[in-house]
Amino acid sequence: MSNVLSLTTFLPILGVLLLLFIPKDSKGVLRNVALAVTVVTFVVSLLILTGFQTNAEFQFVENVPWIAAGPFIMRYNIGIDGISLWLVILTTFIMPIAVLSTYTAVEEKVKEYMICLLLLETGMLGAFISLDLFLFYIFWEVMLIPMYFMIGIWGGKNKIYAAVKFFIYTMVGSLLMLVALVFLYFKGMQAGIQDFSLLSFFTLKLDLATQIWLFLAFAFAFAIKVPMFPLHTWLPDAHTEAPTAGSVILAAVLLKMGTYGYVRFAIPLFPEAAHQFAPLIATLAVIGILYAALVAMVQEDVKKLVAYSSVAHLGFVMLGVFAFNVEGISGGMLQMINHGISTGALFLIVGFIYERRHTRLITDFGGLSKQMPIFATIFMIVTFSSVGLPGTNGFVGEFLILLGAFESQLRWWTIIATSGVILSAVYMLWVFQRVMFGELDNPKNQKLLDLNAREIAIMVPLLVMIFFMGLYPKPFIDKMDPAIKKLVAQVRVASVNAQMVPPAAAQMQMPEGHPAVMPQMPAGHPGGAMPAAHPATEAAPAPHAAPAVNPHAAK
Amino acid sequence: MENLNSYLVISAVLFSIGTIGVLTRKNAIVIFMCIELMLNAVNLTFVAFSRHLGNLDGQVFVFFIMTVAAAEAAVGLALIIAFYNNKESIDVDDVNLMKW
Amino acid sequence: METLFFLIISLVAIISAILVVTCKNPINSALALIMTFFCLATYYVMLDAPFMAAVQVMVYAGAIMVLMVFTIMLLNIRVDATKKHSHKLVIGSIVGFFTFLNVVIVLVKSRAALPTGPYSGEMIKKLGHTELVGKEIFTNFLLPFEITSILLLVAIVGAVILAKKKI
Amino acid sequence: MFDNVWLIPLFPLIGFLINGLFGKKIKNEAVIGGIGTLMIFLSFLVSCGILMQMIGLPPEQRVFEKVVFPWIHSGHFKADMAFLIDPLSCIMIMVVTGVGTLIHLYSIGYMHGEEGFYRFFAYLNLFCMSMLLLVLGSNMLVMFIGWEGVGLCSYLLIGYYFHKKSAGDAAKKAFVMNRVGDFGFLIGLFTLYWWFGSNHNIWTVNFMEIKAASHLLPYGGVVTVATLCFFVGATGKSAQIPLFTWLPDAMEGPTPVSALIHAATMVTAGVYMIARMSFVFVKSPETMMVIAVIGAATAIFAATIGTAQNDIKRVLAYSTVSQLGFMFLAMGVGAFSAGIFHLMTHAFFKACLFLGSGSVIHSMHHALHKIHSHDDAQDMRNMGGLRSAMPITFVTFLVSTIAIAGIPGFSGFFSKDEILWQAFANPYHGDLNIVLWGTGAIAACFTAFYMFRLVFMTFFGESRINPKAKSYLHESPLVITIPLMVLGALAVVGGYIGMPKILGMLPNYFEHWLDPVFALATEYSHKYVSHAAHPSHALEWSLMGLSVVIALVGIGIAFTMYVKNTALPGKFVATFPALHRAVYNKWYVDELYDYLFVNPCKALGQFLWKGFDVVIIDGVVNGVANVVMGFSGIFRYLQSGYLYNYALSMALGVVVMLGYFIFK
């Protein structure tokens, strides 16, 4: 039981070993085995859910020595808290669905495809549970490779371009992150930290200039993955070219890696820098929301449209996260899960019609409701979930994000972002109308078959989640709440510090870490608006003189 | 025994001759032989130092190098044969598939 | 006496090494190379390493060179006299010369460390070189020794596969 | 009984699930329709029980909140799935379930034989559930579920005939316009929540908690911002200027839908919302004025368009917009109970009118179908003289028309007159009052005119239908006419519970009933309005008389133009062609919106995609790649492919590096 986290993470690898012994040509067996492995992984991951105590601590922690190379000590340090819990569950939940969706979609190199899928699962789970920065980096890169092959081998017409673009975009960011990581490690060594453990880095007190550079490096890597405007152009290509399961996983889990990276690493590690950049990132997020919505509106390819809608949705997530309050971050976390479910479902839906018609152009469709009523119903539910209709999951997350952001200093951003709600309705309903409504005038569409049992079985869990999360999100919020509260406390203290640095520098003689002299800042005070924050870098010795251990970091 | 330096000089001479051979000859087999020559020059250094320092590690290394050389010979010659079967030549000028 | 012997051997070794490089016919090169190997074996004897000398003769002069000569005969290589390689010759020689220069300068500039190990010439003679090397290999270097067997296996497999079919 | 309030939305939900999931298998229309109707009827019974119990309580105890389950709790924010019962929501659930039941019943007959019959009933039940959530929600968020839920159902039902492009367009338009309103609603919600939270540490969206804390709100300022945002939400849902254009298009849906959603219930949600938060709205005199002005403007604007339409349902749609304008006018002048009263009477007579028109269309369609004619069954120019063929429909229709026109003795008179009187005599807007009253009165005149024009063109005069079809015209079946008769009766008597005090025959039960809800609002308004001028009874009597005269004038004009002298309309059109064209084309508002919003958005999207995304961003990305490619294109010539070159460079490299270390 104590190793359940490792078990969940590496079960897919065991599955890969199993698949190696199955001959290439028995496709059915390969598929079923892969499905069984993912289902077992999901069931095992439920143990995590049931065993999870609702508190702010990291749980199911495993911490054993791993690599010790000279000054670099990496440990196999894993664990989850409320923030990563749901992302782990989401991953294991989506995987069986993704595998099931490939039963008829992929006919070539089935074995390799399944191996890629399972490797990908391990990579994603590993990244979510890593508490060691180096381990995280390794899993982060591990994810990249199977996805690269999935796009590059089983993709569409323009697959090589898309795969390379995806790979290089992500790689550029992650290399920057690696540099920052190593730099951070050396900084940590100076302060007496012996390993790459995230928890010890939380206690590290960095001066603002260092924080800013490190934050930029991390933020850049994560911004590419999110993806945030203007680093998003790999996404439409990757999504369009990827096979259905690839798109589903890409949208449902891989993109979450970016936002999760912000919540888990970039913000708590460099809280003051995060505060400095909050207005910038919020601006990009808001631009992303409107921009992606406008661009999505005029797309001709359904899949591309959904891809752009992802950009918009993740813009909301970023806005919520950078509100730095419980509502906003909870909303962001919920929205991550919601987006995983509803956009995953949208990609599956596009996959269904693509399998039938081998086209994704909106103009090739029209009036499908008549021919495919079940499909129409499911499509509609998912559409409205994506639009954020109350009662579906999309609403809860979006609402909390906007509410949280409105409470924080990002009020004006929120107002603009809220208009994205209108635009999302415009583009989603428009595409729905053009695909499903109207006359069934294309003769090729008149013989379309409605969804079969397997396809319905794929969609049903997603639909159940759409309504469950929409109507009773309490268990989700409750589990993540303590962890988010802790994060907010961590960040809030830092924000006060960030704004108080000049006086703190002036009062170097004061007993260190004297929070009493710092007047309580109103929570909603703009972090970036204070002109005083920047000179902090010149007064670098002051934070250095302070003890390495941040007295406020909740432990 | 002779002075350590004399062995080292001999080794250096042999090594340099081997280098020149590798760089100037075109016949793949001759190039291959020159590489063996260079390896042997290094072996000599190892043995000489081993003797000088009174430590047998160097000789053990030579032993391993010989193993590697043997393996290299087997694979390398097989490659040459395969290449010859293909191109009717063992001239390295004819091997330029890596061009551009 | 010993110095003279050393000089003669050195002369033979260098001349035959030059021959390896210069001979037009690969067979001649091969024969010259064998000669060099014998010279090296002699050096090993002079360095109180009779086991290494034996291995040198058996493995290099015996096994490897037989393999090469066989290959040369098998392929029936023509003498490569036709093609020019003037600029290559010059540049190659210069690089080779500088290699030599580098090594010599290193030799000149550095001093050898004092003996540190326990094995003196007398001890080797008393206990027997083969035994000492054997002890070393089978104790301190056991794992690398075992791994070389894998290396050889891989080499065998590789050679068979490569030589078997047309690529 | 109050504890069972959750049953009210639950029954329609059950109906929705049964019909939605298994309706296709059931196939039997009677069973499907029966389930749908029964479920909403059960809700009606529960509502009646609640009303009875509520009447039994003293007025100050008539508030009850029921938490069903906790919904969203995060940080400060707390919103439960909770229902609020008070006199206001009581009226609303009675109207929704009552009218809803009748319309469900009606639909069994009207939708007979339609493809997707089960779908229709499922949607209808879902709509009722959402509407009930909207009116019962004890906090803004539950209300918002209903708010968007009714929008969804409206979308689904307008798009019911999805194979028609116009239906799809109309559905989308309705939803998107509602979304614009929702945007306002959300911003309003955020503002209020944030203001209370950051200033008084009261983090709430609960109506009762806001009410309890509403004395903290300032007059104007942030409240104006919040309430204006809420009002934007209301204009979207209730089809007011500037977001009204979706409602006429929404007539693409089946007629019962128009009756239920686009006349009786959903479109009144905005009015309900303002009434629900009256204590916040009155704190902002500016907002009250905006509401009153928009209401009055919408009333007259829509009424003018209504005069020139030929589609029977479109006339009714514009009439609805216009009547909603009256309700907003009432809200804006602080006459909350009058507005809600008008909401209720309007629900009766407008539902009756729509159902009557449905009955006419049903019959017309049937007759035209029999002779395989493709004439438009909804165009009044094809009707005429239906009086004899469809007596029940005619009578109920006429009664409702009289009610809407404001003839004394019918329900519409009481409510509309109350609104006009309040517009004139309210203490809020000073000199603006006379303008508001005047606009309302003229709108009332137009109303009387176009409604009677409708009646005359449809039921009177000579039959203009294809003569072959004439014999097929017949009265609709009982399942259709029973709801008509019930609603017709309500249209007559419904007004008597809210008779103005001045008439003195009956006490104004309605106002007393709603007193506890609006008392606080009235109290707040006293803080800033001058109530010096207390108009006399004589003035009220004379204004009442004037409005009756105005109605009669409207009717008279209609009678002259469409019964006496049928050539007049043609002459009129010939005299003012531009005016007629503008009115006929709805003052070109749709075109204006296309020009201002829709097309720029599309163009911007195209530009951002093709121009920015592809050219600039990807240009940079691919440009970097191309630069690298260019350099490697040059450097690749280093790769000669010859072994000796590689060996040479390697040796050279070794020599150089060694040399560096030696000579350094």
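For clarity, chains are labelled A, B, C and D in written order, and residue numbers in each chain start from 1.
Keep this in mind: a residue touches a chain if its C-beta (ideal position, glycine included) is under 8 Å from a C-beta of that chain, and two chains touch if they have at least 3 such contacts.
Everything numeric in this text was worked out from a predicted model, so none of it was measured.
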* By number of C-beta pairs in contact, which two chains lead? -> B-C
* Could you grab the centroid distance between subunit B and subunit D? Build each centroid from C-alpha atoms only and quote it in angstrom. => 90
* To do: Can you check how far apart subunit B and subunit C are, centre to centre, with Cα atoms defining each centre and the answer in Å?
  => 7
* To do: Measure off the straight-line distance from the CA centroid of subunit A to the CA centroid of subunit C, and report it in whole Å.
  => 59
* To do: Report the inter-chain centroid distance for subunit A and subunit B in whole angstrom, where each centroid is the mean of the CA atoms.
  => 55
* Asked: Among the residues of subunit A, which are close enough to touch at least two other chains?
  -> none
* Please list all residues of subunit B that touch 2 or more other chains. => 19, 22-24, 26, 93
* **Multi-chain contact sites of subunit C, meaning residues that touch two or more partners** => 88, 91-92, 95-96, 99
* **Pairwise chain contacts under the document criterion** => A-D, B-C, B-D, C-D
* **Residue numbers on subunit D that touch subunit B, as the complex places them** => 636-637, 639-644, 647-648, 651
* In the complex with subunit C, residue positions of subunit D that touch it -> 644, 648, 651-652, 654-655, 658-659, 662
* Structure fact -> So, in the complex, the side of subunit C touching subunit D is made of residues 88, 91-92, 95-96, 98-99, 102, 105-106, 109
* To do: Quick one: which bits of subunit B touch subunit D in the complex? Just the residue numbers, please.
  => 19, 22-24, 26, 31, 92-93, 95-100
* Contact footprint of subunit D on subunit A as seen in their complex -> 165, 168-169, 230, 232-234, 236, 291, 294-299, 325-327, 330-331, 367, 369-370, 373, 380, 384, 389-391, 395-396, 399-400, 402-404, 406-407, 411, 414-415, 418-419, 421-423, 425-426, 429-430, 433, 436-440, 471-474, 477-478, 481, 485, 522, 524
